[in-house]
């Protein structure tokens, strides 16, 4: 059995609803261009405030995916 | 165009429901006395447990706001 | 009045729904074997991704509880 | 029951005697202008040395206090 | 001689020119409303990019000042 | 000579007097149920404030002890 | 399918040979008293020096294991 | 309005002149291959010394850019 | 002489043997698709345990490489 | 007026009594071989436990001193 | 080819002008007594404020240099 | 019995073979000029890559040694 290598990329998912949806939005967008997504880890939770209300949640994520074995 | 200066204040928002509501409660309370709130950042998530259940979520937040230009 | 000592144990709560439920699941499981649970603190939020969707949220928690006074 | 919001302010207490007194001096000074002080947390311990002896202990403290409910 | 207490406030100074000017702008603005400013410490350097060029440098600063002795 | 393994447990010692006594109280309580205590390390110093005075010092400690060799 | 909870315990594995063996020694000792060990993470690598040579490698490890479902 | 996702990439900009120019050089190079660059954050400032003088400033930067909406 | 810009990518190399081999495996895999690899830095060492034995070492690595000068 | 340069050295002061005395012991010993000591900063507080009691407090300190102007 | 060992010393360079000059001043002073200086890394940027203006920039630096091979 | 003071110096050991040898090389070189070496702690593991292979492992170490009692 071979030893896989993984790559970790950093994204920021956003949502107008909350932290969980910002994670889901970021992972969903990443999965459109990256294959074999395997795990995520939150690095930071920030957000924009407008008129005293939260306009956007911004969740920093490290996302790991398995690199294909080169031929 | 002038260069604005921002101030960052640290608060702890609380909620009996969850993390997102604790953020919203803290930001709403801060907006009653501070103007021009611009962003927040979570510094810590803690909570109190009573009888094996979560009684309060306590979310530490840094909240940034633009200082008015002095006259 | 005596000075209590507390112990802090580290757990990982999981959920298929989101961060708040993973906290609640971890605290509920801990309360089955530990008495006098007093507070928690999030140390890390990670998760597993399967087929481009989040399969499990994994929330690292430090959980503090009061030690009984020894007789 | 309402959900309180807390504010966290950062101070540096000093003492010529030691760490404990520097904490007490800082908290005592803060309590003269802030109400409802609830907790502190040490962020840093430094000091000035003069002629090979410690002239001042300087203890960085975060001090939390409950915000009054706005009317 | 009494033991002074200091307060530490966090600001973000900005500049279109560079890091040093952002520090100076932030300290200058703070000195308009706070007396006895004594030291600063950089916490973070960020900036906004527009059309591939840096539009603003944003320098996070902790700024310490001596509290007056209460009467 | 065998290679020992150590376990590290986290506690919070408390005192109404100061940091040193909180360490001693926590270590003393831990030594009632754990054998072979070998070292400690402070992770955090916090405290409760009541009526502008420090009511309790709370010192987070990691405490290491040697595991007995299994038979 | 239920949501498992994991516990994380901290140990220090030691070896006279090197870092890898200290990890293996620590994990082997932990597995004698803990079931369902699932992962480890290095927190710290230290060691004792005697007569200018390394006498012991000491590797701090967090070790996670799945808690059995309570009946 | 959709919720954008951002990607964060890490670069090291260099300069023989100073920190500000190293930031500008790194951002300028990144903007040749990445679109929609939005912000940067300094992660580290290092440099090479030759013959007692600074030969190169090396500034670690996280650079964020908006991902295009997939069609 | 021009000022080079470097990119830093994050990978996880794995091995069934130990930390050094996991580093080598990750760097070898990265070098198949990235040119001008220049340095690495360990960010984290974790591993999977199966039946009380270490099944895989997982070593997080930041890997830096020089960007070609654009034409 | 010239711009001074300072050097920072790291020591560990010890005491059988407590944290403050360990700081004083370490600074006193450093002042026997280093001139112009100017400030200290605590980096770590650890200690040895023997028979359930604290045998030594070990306080890590960074100590700064002004370098003489070279002739 | 032998494997060199490097030593890392910590200094604080100062300047009345800005961050870059404080780095250069510190490195220049260090190079008067240390040979084979190879790299630096900023650990901290602080400064003194007098009358609302920055009197000194103080830049903490780790400076690495190659140890000569002992004969 | 007197209270010893320890000094902590930072070095970088290197090796073409791996992490353990880099530690040993650094400690061996340090022991040629420093007496009473007592412990080490890894602060960082980096390395140089040439032609897709690891050319040097570079292991940052803090090394502690007991200061002689002054006469």
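Order as written gives the chain letters A, B, C, D, E, F, G, H, I, J, K and L; numbering starts at 1 within each chain.
What we mean here is this: a contact is a pair of C-beta atoms (placed from the backbone, for glycine too) under 8 Å apart; a residue touches a chain by one contact, two chains touch by 3 or more.
Just so it is clear, the structure is predicted and the values come from calculations on it, not from any experiment.
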Distance in touch steps, counted as few as possible, from subunit H out to subunit K: 1
Recurring contact interface, reference H-K, options B-C, D-E or C-F [over half identical by residue number]: B-C
Whole-Å gap separating subunit G and subunit K, where each centre is the average of the chain's CA atoms: 38
Distance between chain centroids, defined by C-alpha means - subunit G, subunit I (Å): 23
For subunit H paired with subunit L, centre-to-centre distance based on mean C-alpha positions, whole Å: 32
For subunit K, residues contacting two or more additional chains: 9-10, 19-20, 32
Touch-based graph of the chains, sorted into line, ring, star, complete or other: other
Touching pairs - complete list by chain label: A-B, A-C, A-H, A-I, B-C, B-D, B-E, C-F, C-G, D-E, D-F, D-J, E-H, E-K, F-G, F-J, G-I, G-L, H-I, H-K, I-L, J-K, J-L, K-L
Subunit C contact footprint on subunit G (complex, rising order): 3-10, 62, 64, 67, 70
Interface residues, subunit H side, partner subunit E - complex: 19-20, 23-24, 27-28, 31-32, 37-42, 63
Subunit J contact footprint on subunit D (complex, rising order): 17-20, 44-49, 52-54, 57
In the complex with subunit F, residue positions of subunit G that touch it: 9-16, 22, 25-26, 29-30, 32-33, 56, 60
